[in-house]
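Shared between the two complexes below is chain A, which pairs with chain B and chain C, respectively.
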Partner chain A sequence: MMILSGDPPRSRVLSALLVIIMLALLATPFIFPGAKAMNVAAKICIFAALVASYDLLLGYTGSVSFAHTMFYGIGSYAIAIALYALGPNWAAVAAGVAAGLPLALLLALAIGLFSLRVEAIFFAMITLAVASAFLVLASQLSWLTGGEDGRSFQLPELLRPGTVFVPKDWFGIAINGRILTYYIVFAASALMILALLRVVNSPFGRVLQAIRENRFRAEALGYRTVFHLTYANCIAAVIAALAGMLNALWLRYAGPDTSLSFSIMLDILLMVVIGGMGTIYGAIIGAAIFLLAENYLQALMGAASAAAAEAGVPLLPGLLHPDRWLLWLGLLFIASVYFFPTGVVGRLRNKPRPASGR
Partner chain B sequence: MATNSYWGCHMALTLETRDLTIRFGGHVAVNGVSCSFRPGELTAIVGPNGAGKTTYFNLISGQLRATSGSILFDGTDITGHSAPLRTRAGLGRAFQLTNLFPNLSVEENVRLAVQAERGVHYDLLRPWMARRDLIARADAILDQVALGNRRQVAATALSHGDQRKLEVALMMALEPKVFMFDEPTAGMSIDEVPVVLDLIAKLKQDTSKIILLVEHKMDVVRSLADRIIVLHNGRLVADGKPAEVIASPIVQEAYLGITPGRSAA
Partner chain C sequence: MTEIAATDTLPKPKRDIAPVLLPIALALVMIPLIGSVSSWATLTVASLAMGMMIFIMASGLTLVFGLMDVLNFGHGAFIAVGAYIATLVLLPLASFAQADSLLTNLVVLVPAALLAMAVTAALGLVVERVLVLPVYGQHLKQILMTTGGLIVAEQTLYALFGPQIIPMPLPASLRGSFIIGDIAIAKYRLLAMLVGLVIFVAIELVLNRTKIGLLIRAGVENREMVESLGYRIRRLFLGVFMTGSALAGLGGVMWGLYREQVHASIGDELTVLVFIVVIIGGLGSITGCFIGAILVAMVANYGGFLVPKLALVSNILLMVSVLMWRPRGLYAVTSR
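Entry: the complex of A and B
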């Protein structure tokens, strides 16, 4: 329990789900060795951490930020630019981390101290403005960022697919640099989520919840809330930047579409709401459900459509055509918000959040 | 404790407002109120609705900033200090309209106040449950306000009277030098009132504290107050011993005259 910071899932179904997701992600390279499965699994890991860090803001402090992809992008670009400019070595990775994290931290600090003093809507607007500016900057400064094309780069020797540690005939697949990268992504994401669990269940994290519940009262108790909120904003930004770094390492690329765009911001929002705000665990569930749907719903619908056509059912083949997958994803989302207003995790815990559950 | 022991001797705690005024547009809600409060003395602040009692409280505890005038606390001018800083300096406040963390448990509400009092603000490396000292203190306070059996209930699920008790518990957890009660028994059922009055009476025994009480019920005021000040239309119109103040013509007219039913209460 110490590793979960005294905040167990508090629901058997939820625990089982989390264990299944963890085991599936751990075993993915061996049971689903295809490139697509690995990509989806790595993305689930990265987004689980990214969404969890967003949950720290949205679910625990109640502040809505639109700049989360900016921090994610800062991490991605820091790694990409460093490895592109300095060549594929570990010193470049270190340089990327050393440049990216302080930049994310300083920006989060500045935004927080500037805008978290006043009403929440102002913070939302400022983050939106700063994030838009950053997006424009990233696509305009093409000498640095590669513009719309982004930056592709080579990974250090150790992480390349060509580096084989265990030959294919041992486990049926070759344990190579790609698989090592996958496990680095998995372990780093898991560590970040555990760290966030620790933060939200610390005395500091309880103050964040108090601020979300009643900021006026928190101040009357003597908490200077702007510092608490800014602190949380900085933690979330650093975790988002780290997730961005993992994203860049996995894709060997950073560009506006994979790390900065507002559609990613929307995805994050959807994942946190589907999973359940203010739970951290919800991030894992939300990321898994959303990304699985995004990647496999089309294939599933294609199969269903073909089956319906074969059976001669009218209308259904058209409705289930793979091109309609966004429609179904949208319906899925509306249904999940309607039936699980507190998210999957909130529903499974099935309690009106007494928050101090001992 | 004597932060103002400037001359090396222990000086008593002081709280004073000087010409304290706040304007909302053309309306002057508190108008040039000068008054000083002494430790070991419970001062009741009375006056008709809209007289500016709660606004006066908000000015002292920092929820509102004065248009002019000043507030001196413990030898320091705190007129420009924010609410959190005033709380840290020792000004405790219980609110009139219940003002809690609604979805957090009763224990968690008080625990957060204890945590604030102990200065645990940015500890994020260990679980909150590891700080058993904070929880134990919160539980002890809940026992004092007779809420010990409601610890795990969400604050919003409490009865109105229990919420008022919790409000008082939050203030007690801050261990303030000044206790400011804003109608602590308003809306309570008859059998709940004595618990709160006993608590205030008990606090009074510690003569190093300043206690301010806004209250409508004259029987409560008579039984607890050492001194009464009367606000009317934002002005201080009377100040003195309870018997004198209640008997004075200006109070009969300004306060009791308007609501004659209350004088008999």
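Entry: the complex of A and C
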């Protein structure tokens, strides 16, 4: 209970689902040793933390930010540029962290102070504008960021696949630097999610929820709402940057498409809403569902598309083409905002708490 | 409604002209900085043309927000759909469009634009009924719903038209430029300016000289009051939403011709620009939107010419400085 900050899943099915996801992620290197499964699992970990930090903003304060990928990108690029410039050692990793986190924090502070005083809508538009400018900036400053190509880099010795700790004949699979990296990603993500649970269940988190429900009343009660919202924005930004750092460490690469693009922002939105806004647990469920769908549903759609093409149905092959999977997720997204505004988690919890915002 | 005694003269509303002078001053300041009058003129015409196109796209968005407090994050989808629909007419009839006669060109161009506007208006009807109506008054859900709509629309465009870039060549008679002295003015830019001005004047006339316009302006200022006087503001709003969508579609066609190519991602690209314009102008204000669009285009063109590197963030800088001057945009219309 302590570790969950007194906010347990409160539903048998949900608990079971979470336990299954956790166990599956924990055991992935041993049960599904393939590169693809490992990638999906690591991505689920990273996105669960990223989406949870976004949930702090969207679900708990009711403010829509479109700049979350910017912070994610700052984290990714900080690690990538540091390791690229300073060479593969731990000092470079530390330098990346030391440069990336304050940058994300300051930017979040500036955006927050500038735009959170007014309505949620204003914040949404400003973040969208700032994030798109940042994306252009990152792809244009190619001497620093590598432009459209991004930056690939070498990891420190300890994290490389070549570093074998336990030889293959012990467990049937070699425990190498890659698996160590995976577990670092897993542990760091889990820690961040637990920290976020702590934040939202603190008195501070309650104030955020009060602001979400009725900002005017919260202000009348004497809370400085701008301060609280900006603070939440900064926490979310720092966690997003940390998630971005994990992403860079896992991919050994940072580029506009993997860490900054607008489509990642949409992915995060989809995950939060499908999982359940204002629950933190929803982030884990949403990320797992979405990424599994992204990686495995496409094969299914490809088969369906081929079948439709053979049957000679017009239009359907195009609509079912694997590249169009986002279309179906978009429809699912609209349906879930409309019919299940509390997402999977809200549905599973017996006492749904509507996360409606104004 | 009671009438005010006909003899009373209403107090003249205060005219706030500082924002109007801003783009003019900006243009004048740029003359010595750019140095040559001919490049200055070309850049100014380019900014005005680009500004008009952006204004056409943004006008609907700002009215929709002002009137009904609805922010449509899917507005960019209408822009993209409009451009794609126009290719349906322009590409099969390419021989007409490439004929060297203005009349033949217009015979395809006008129906293409009208069809695009009709389709986007119809799409606006559907979007308003299906996506926006259920979530009136809930900003968070509005943003989410319309963002979902944007994803679906963009993916559907990819599914129907394919992911490749579709070329959209300018009709032959609109290519090239007029040369006056040593100043070259592209013909299409002139047309874009003309269309934009006509639309601006039309919107201003409708808003200021007709009963519907009166109701819209009243609704922007105080929705409940208009409702309590017995007007169906929802129907009015639907009309505004559809008009805004149609204008976005028209803007998409013009932008497609300007760039001479169409891709579904222009929706995303322009959404950001349109938002910046709407924020700068002040949510709900048509005049503000007009000036904001011209300012954004000027900063983009002059900035791109003088300091190309700065052009990347020039829009943000412009937005920040305008908001420092007037935190609610150039013209604050709504009390929200």
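Structure notes:
Definition applied: the second predicted complex is superposed on the first by the 310 of 358 C-alpha atoms of A that agree within 3 Å, B and C clash if a C-alpha of one lies under 4 Å from a C-alpha of the other, contacts with A are read in each partner's own complex, and residues count from 1 in each chain.
One rule holds in what follows: contacts are C-beta pairs under 8 Å (C-beta built on N, C-alpha and C of every residue); 3 or more make two chains touch, one makes a residue touch a chain.
The model shown is predicted, which means the values in this text are computed figures rather than measured ones.
Of the two partner chains placed by superposition, only chain B is touched by A:H228; chain C is not. By the touch criterion defined above, A:Q140 lies against chain C but remains apart from chain B after alignment on the C-alpha atoms of chain A. Legend: residue contacts after superposition of the two complexes on their common chain; A:L269 is shown touching chain C, with no touch to chain B. Within the superposed three-chain model, A:K36 lies out of touch with both chain B and chain C [touch as defined at top]. In the superposition on chain A, A:F216 makes contact with chain B only, while chain C stays out of contact range.
Residue contacts after overlaying the shared chain place A:N201 against chain B, while chain C stays out of touching range. By the touch criterion defined above, A:V64 reaches chain C but does not reach chain B. Applying the stated contact rule after C-alpha superposition, one finds that A:K168 touches neither chain B nor chain C. Chain A residues 356, 358 lie at the interface with chain B in one structure and with chain C in the other.
Chain A meets chain B in the complex at residues 2, 5-7, 198-199, 201-207, 209-210, 213-214, 216-225, 227-228, 231, 235, 352-356, 358.
Interface of chain A with chain C (complex): residues 58, 62, 64, 114, 119-122, 124-126, 128-130, 132-133, 136-137, 140, 262, 266, 269, 273, 315, 318-319, 321, 323-324, 326-327, 329-331, 333-334, 337-338, 341, 356-358. Residues of chain B that touch chain A in their complex: 61, 63, 82-85, 87-88, 93, 95, 99-105, 107-108, 111-113, 115-117, 120-131, 134, 152-154, 170, 174. Across the interface of their complex, chain A is touched by residues 65, 71, 73, 131, 134-135, 137-141, 143-145, 147-149, 151-152, 155-156, 158-160, 163, 268, 271-272, 275-276, 278-279, 309, 312-313, 315-316, 319-320, 323, 336 of chain C.
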